[in-house]
Each structure stands twice: as C-alpha cells, then as structure tokens.
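You will see two complexes here that share subunit A, one where it goes with subunit B and one where it goes with subunit C.
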Partner chain A sequence: MAVLVVLAVWEIAPRVGAIDPAYTSQPSKVIAAGIQIVRSGGLLEDISVSLAEFAAGFALAIIVGVPLGLLLGTFRVLRYLLDPPIMAIYATPHLALLPILVVWLGIGMQSKIAVVFVGGVIPIVVNSIAGVREVESSWIAAARSLCAREWDVFAKVILPASLPAVVLGIRLGLSRAVLGVVVAEMFQSQAGIGNRIMRYGSEFRTDYLLFYVLLVSVFSFTATWSVRALEDKLWTSGK
Partner chain B sequence: MTGFASWKSSPIVLGVVFFAALLLLWESAVRFGWVNPFFVSRPSLIAASLSREVQSGELQRNLAVSLGEFAIAYGASVMIGILTGLLAGRFCTLEYILDPFLWFLYSAPLIAFYPIFVIWFGLGAPTVIAVSFLLSVTQITASTLSGIQNVDPGLVRAARSFGASERDLLWKVILPASVPMVIAGLRLAIGRVLMGVVVAELFGATAGLGFSIAYYGGLLQTTNMLASLVVVVVLGVLCTQALSALEAHFSYWRTDLRI
Partner chain C sequence: MEQPERSTSLAHVRVEDLTVAYEKPKQAGTFTAISRMNLDVARGTFVTIVGPSGCGKSSLLMAVAGLVKPAGGRVLVNGQPVTGPGRERAMVFQDFALMPWRTVLDNVRFGLELQRWTGEDLTARARRYVDLVGLTGFEHYHPHQLSGGMKQRVGIARALAVDPEILLLDEPFGALDAQTRDQMGTELLAIWERSRKTALFVTHGIDEAILLGDRVVVMASKPGRIVETMQVELPRPRTLEMMDSDRYVAYRRRIRACLAGEQREERATIPRY
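Now for the complex of A and B:
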C-alpha cells in the first residue's frame, strides 16, 4: 500500500512540475526504458559478463573459504596465526582494494573476480570458524568415547553441526559479492551491468540507470532469499 | 614446560609473530627480486611514504576530509536510524509502511545509486555523505527494529500488570532490553559507513582517503596507494574494535537471539 503511494507520488510529482524529471525519472519511464533495453538485445550480454564474474569469484570464495574456515576452526594454533590478518581484512571495506586490484590484474574480468572473491571469502571463513567452535563439545566427547576416529569426529559430528553457520557465512558473503561485481564494474571496466550504470549515470539517463539498479537489487534479493530458505531448512532439520 | 605451552598458545603472541613474519617476507621477497616492486611495493617504502605524507600535511588533510564526512554520515544515521527503528517498533502501521522500503534498501547495492546522487548533489562531500548515510541508516533502523521486536513479551506484560505507563514501559523495559541489538546495529553500520565514504571517494571526490587511493592508482604509484590503504585498514580496525568493546560492555544483558 505504502509502496503504491510512493510510486504514485513519484509518477505524478514530475508530471505536475513539482520535481524535475531529469533528477528522479518516473516509474513509467523506467519500465519503458526496461522494455527498450530488453528489445535492443544488449542486456543479455551485460548480464552474462556480470554473472560470469560473479559466479567465478563466488565459487572460488566458497571453494577456498569453507575448507579454510573449517581448518582454522579445528586447529587452534593455525587460528591464532591467521586471526589478525583475517580480522584486519574483515574490518577493512573490501571495495577499497579495488584500485590496487585493478593495477595488479587489469581492467578486465580478473580484477572483478578478485573483488568478488575477497568480498565473499571473508564472511564465509569467519562464520565457518565460528560454526566449528560452537559445536557442542559434549557431542565430540560422546563420539570420542564411542571410539570414533579423528576423521569420523570431523566428518560425522563437526561438519554437519557447523553447516548452518557455514551457510550463514555464504549468505552474508553473497550480498558483499554482488556489490563487489557492480562497484568494480562501475570503477573500471569494459562491459557488464555496473559499466552500464556508470555510463547512463554520466549521461544523465536516470530511467535507464534505475532499470539496471533495480535488476541488480532483484537479483541480490532473490539470491539472498534462496540461501536464507536453505538456511532455515538446515536449522529446522538440525534440531 | 607449562610456561612454553602457555606462550605457544597465547593468541596475541602468535598473531604478532605471524604478522611480523608476513611483513618480513614481503620486504625480503621484493629485495631479493622475487616479486616486482612496482606491483606490491615494500613495507619500508610504504612507511617512508606515510611519514612523508604526514610531514607535508597531505595525510592529515585527507584524513580530516574523510573523517568529517564519516562523522556527519554516521552521526546523522545513528540519530535518525534509532529514532525510526524505535517508532517503527512501537507503531505497527509505521512498521508496515517502512518494511518494504527497508528491505529494498537493505538488499539493493546502494553504491549503484551513486551516479544519481552525483546528479542531485554534485561531486564531492555531499554525495559521499548521502551514500554513506543511506548505507548506514538502513542497518541501524533494521537492527533497532528487530531489537524492539525481540523484547521478551513476558517482561512487557509483567511491567504492565504492575501498572507501568507507556512511558515507563519505553524507558524502563523496552529501551534497556533492546540495547544489545541496537549496539550490534551500530557496529555493523560503522563498517558500512566507512565503506561508503571510501568507495564514494574513489569514484569522484577532490580529497579524502578514497580519493587518494584512486588518485595514486591512476598514476600507478603503488607505494603511495598502499600507504593510504594502510590508513583505511587501521581506521577500519579501530572503529570495529571500539564498537566491539562497547558491545562487550553491554553484553551482560544479552539474551539468546538469532538474527
């Protein structure tokens, strides 16, 4: 209801001349721009570039982050060693690394993949560590007293019990990763959604820009929502 | 033997040792020519560059600009965020009105709105403040709201049955009980503000830490760039640590919550 009111005001205010439409555009214009973008056929190309960068970077973040987190959670000395650098990166705005990554890896896809990776991997590692550490110690003791080998303790007790925290880390990493792709493309790139956003922004094409921003928001929301659904399933099945 | 064991397992000692080893490896890897210094620079060069920037006043200038933007954005978002969260937690109608917008802003890549803000406010500090404010205020509002919603209804009922007025309820039950969540929101928001400031400055500003990173990046001067990055990292660690300390101070109130 409130959404409808805001949309109506947004549509009507520029029409009656209360606001300059160049600043805010209008819902109808954004839809029209969307139709035009879809018709012109360039959209699929931009989506595939951005999606490829996102998928590569985030897959890498999961492949590296989950085992690293589980390892650090299990071995205390290793955790103490790596804790300060990980915390420093965690506290740093990861997007501040953009310029240096561009210098190292160029303005192509590699630097975007790296930004996505850095943004995604840290929450995954941190939450995986927390997941392992919060495993009920009596469960481990119980498994040990039933003569479980170290590997069995890990694979059959620690791993399943820390899974919800791992998935939580993946969800938190996800939104950072999406932001990473878009902002990295806005910063320096040759193609992709972020590239479009920056280009239309500098051309003052507010309607086109808003369509792309909405597209990213919908993607980010859907992805987060589906991981959250998976998470809820794990929590309920774990209890 | 026990002394050795406790030394070995001390997290601070191990962390410092590892950090020092990392710096040493970095320094020597470049000195011995294993890596190209153009790309990674050297810790000693970065330190020299930092002290040069301090002497010329460049660092202080950039830091002052960034911290100013940071303070305005964070201060405004703390006040408005907590107030909105409180009101929305108290009045259902407001919550229903705000909810869709809050979720949209929370999941939208807000920095992508940056070009629109440039159209509205021009390049420079106002745009940087607007982006960081928006990033932070959604987090604080959402946390405050969920803090109030998670207040134990038993406490509220108990206070009511002892004849507490609405005002007593707010000041003596609801606010104290939601403090841990509010502080958690403040901690998460401080990271978002810092990111907003630095990233918005990367894109278009005339001063500030983010600007300095992008500027030296454009000149391919890795050393100066990494020097500014180090300052950002230190700032991030300090902010997070300060808020974590504040959180720990209030944590004796914490009950079991899953956010």
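Now for the complex of A and C:
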C-alpha cells in the first residue's frame, strides 16, 4: 500500500509541475526506459559483465572466507596473529581501496573482482570466527567424552554449530559485495551496470539511470532474501 | 595375561591422591579444585557425591571422564590409568549438552557414530535406547521442542547407547524442577537396576544422594576433599516412601551435620582476610 502511494505521488507530482521531472523522472518513464533498454539489446551484456564480476569475487570471498574464519576461530594463536589486520580492514571502508586496486589490477574485471572480494570476505571471516567461538563448550565436552577425535569434534560439532553464523556472514557480505561491484564500475570501467548508472547520471537521463538502479536493488533484495530464507531454515532446525 | 579372580576385588574406579587445579583466568597462579583425594568405587555400585557448589565434585567427575588432566595423582579404571576419555565411560551433563541441530534419534546416535559402531544398524540401536528412556514417538523432535526432563532422557539414552561400563552423571537433574527430578531419579534407578552399571552421580541434593546411592560421598570445599563416606543400607528397589523411614532420616541428619560442620569451619576462617 505504502509502495503504491509513493508510486502514485512520484507519477503525479512531476505531471502537475510540483517537481521538476528532470530530477525524479516518473515510474511510467522508467518503465518505458526499461523497455527501450531491453529492446536495444545492450542490457544482457551489461548484466553479464556485472554478474560475472560479482559472482567471481563473491565466490572467492566464500571459498577463502569460510575456511579462514573457521580456522581462526579454532586456533587462538592464528587469531592473535591475524585479528588486528582483519579488524583494520573491517574498519576501513573497502571502497577506499578501490583506487589502489585499480592501480594494481587495471580497469578491467580483475579490479572489480578484487573489490567484491575484499568487501564480501571480511564479514564472512568475522562472523565465521564468532560462530566457532560461540560453540557451547559442553557440546565439545560431550563429543570428547564419547571419544571423538579432533577431526570429529570439528566436523560433527564445530562446523554444524557455527553454520548459522557463517551464513549470516555471507548475507552481510553480500550487500557489501553488490555495493563493491556497482561502485567499482562507476569509478572506472568500460562496461557493466555501474558504468551505465554513471553515464546516464552525467547525461541527466534520470529515467534510464533509475531503471539500472532498480535492477541492482531487485538483484540485491532477491539474493539477500534467499540467503535469509536459508538462515531461517538453519536456525529453526538448530535451536 | 589373565587376571581372573583378583580383578573382581579390584576397584572398578580408583581415585588415587588426585589433585585437580585450574589456571586462574587473567592472573597468575592456579585454583585448586580438588586436593589429594582418594576414593574406590566397586564394580556395579551406585555412588553419589554430594557437596556445596565449588567443592570440586564436578571436577572429580571430569577427571574420571578424562576431560581434565590431574595436576597430581591419577585415576585408575579397571586398574589402568586414565589418560583421556574411553569407551568404557560415558557422561551425562547438567545442561544436557545435546546438539540442537540433531533430532532426538540423531542425538542418541551421536556417540555410536563417533565410536564407529559397526555390525548393527545404528539407527535401530539408537531407537531402542530412545524407547528405553520412554521417548518413543519423539524420535524426530529437536531438543528445543522438548521439556527439560525429556532433554535429559535423551542425554541418558545417548550415554547408555554406547554401552559403557561406567556412567558418570554430573548433576543430571540439577536443571529440572523438584517433581520432575524425583520422577527422573526413580526412572534412572529402574533403568540402572536392569544393567547395574557402575555409576558416579554428582548432586547437591542430599535427598537425591541418599535415595539413589549405595554409598554417599560427602565433599567439602577449599580445597575440595572428601569429609565423609557413608554406606546406604536401604533395600532396593528404592521408593520415594523410604524418605519417611527412620533410617533415611538418620542418614540425612548425618550428611547435614557434615556439611554444616564444614561451613562453620569455613566461616571461622573468614575473619583472617
């Protein structure tokens, strides 16, 4: 309902001259722009570039982040060694690293993948560590009292017990990763959704711009929602 | 290497000059939970250990379980020094220590999986023990869907399923309400009568200690030590009605006196600080 009201106001206000349509565009124009963008055929290429950068960077973040987090959570010595640098990166806005990553990796896909990775990996690591550290010591004691080997303690207690926290980390990393890919493309690139947003922004094509923004938020929303659904499932079976 | 007749006279569990100490968190030095304790437990007996909080009774159980290393002395099981957990011992925990992501059945299977039981369908075996503790119909429930009493039934089934010789119970009914506690005690005895496994049962309830035990060990704190051991000459099977008998009342009075006497001594030492 609230959404409909906002859409109605958004549509009507520029029509009656209450606001300048150049700033806000209108829902009908955004849809029209969307149809044109789809017809012109460039959309699929932009999506595939952005999606490939996102997928590669985020997959890498999961592949590196989850084992690293579990390892750091398990071994105190490693944690003492690596916690300060991880916290430093965590506290730094990862987008601030973008210029240096571009210098290192160029303006192609590699620098975007790197930004997505850095943005996504940190929440995954931090939450995986927390997940391991919050495993009830009595679960571990129970396993040990039943002659569990070290590997069993990990595989049958620590891993399943910290899984909800790991998935939470993935969800939190997800939004940072999406942010990473869009901003990186806006900053310096030849293709992708962020590149389009930047270009139409500078051309004052608000309707085109908003269509791409809408695309990103739909993607981000859907992805976050699916991870959250997975999380809920883990929690209900794990409480 | 056979040890025929002699092994029956051998203590099933022997605690020899046992000292357990923990490092104090965030400061130098150690905290002595148990100091130079000696205790023999004969095969097939139910020994209860009663004492105030912090008297080291749980530490004693942890040492027998092989979950903490003694700072001095040792624990012998079947004459062999304990160096870690073993298949002949299984433990029941006060906070149940069930895996919340596993169902009732899978929690009972847990120990069987860890000990890589073979030659029998693990699920079928687990099901038998779920049945033994009266949880048939709840196999596929998760722990959060169960009451405290039911959770501890799962804990007991998990420990029994691996067929240990010695059952270690660390205040197993401490988190339950009084009525459930009485009922669980009675049921535990019924199960125990059938198998007569050696049992070490830690509690801070005097009644529970007398009602369940063949022998009550009374402990005191600072440092944790035994102040009295007492044979309970009540017939089995035990019933709640026995709590009204003269003999029972006498036992309770004696244990109370032990614990109170220790507390008086403790209070007398306080002004020194």
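Keep in mind that, in the parts below, the second predicted complex is superposed on the first by the 239 of 239 C-alpha atoms of A that agree within 3 Å, B and C clash if a C-alpha of one lies under 4 Å from a C-alpha of the other, contacts with A are read in each partner's own complex, and residues count from 1 in each chain.
Definition applied: contacts are C-beta pairs under 8 Å (C-beta built on N, C-alpha and C of every residue); 3 or more make two chains touch, one makes a residue touch a chain.
What you see is a predicted model, and the numbers here were worked out from it, not measured in a lab.
In the superposition on chain A, contact of A:R76 is made with subunit B only, not with subunit C. One of subunit B and subunit C touches more residues of subunit A, and that partner is B. With both structures placed on the common chain, the touch criterion links A:V213 to subunit B but leaves subunit C unconnected.
Once chain A of one complex is fitted onto chain A of the other, the partner contacts of A:R144 are limited to subunit C, with no touch recorded for subunit B.
Look at A:V102: by the touch rule set out above, it reaches subunit B but stays clear of subunit C. Look at A:V182: by the touch rule set out above, it reaches subunit B but stays clear of subunit C. Looking at subunit A, you'll find no residue that touches subunit B in one structure and subunit C in the other. Taken together, the subunit B residues at the contact with subunit A in this complex read 8-11, 14-19, 22, 39, 96-98, 100-101, 103-104, 107-109, 111-116, 118-120, 191, 194-195, 198-199, 202-203, 210, 213-214, 216-218, 220, 222, 225-226, 229, 232-233, 236-237, 239-241. Only residues 136, 138-139, 141-148, 152, 156-157, 160-161, 163, 234, 237-239 of subunit A touch subunit C when the two sit together in their complex.
On subunit C, the positions that touch subunit A within their shared complex are 65-67, 85-87, 89-91, 93, 95, 97-101, 110-111, 113-115, 142, 144, 158, 162, 168. Of all residues in subunit A, those touching subunit B in their complex are 1-3, 6, 22-23, 76-77, 80-85, 87-100, 102-104, 175, 178-179, 182-183, 186-187, 194, 197-198, 200-202, 204, 206, 209-210, 212-213, 216-217, 220-221, 224.
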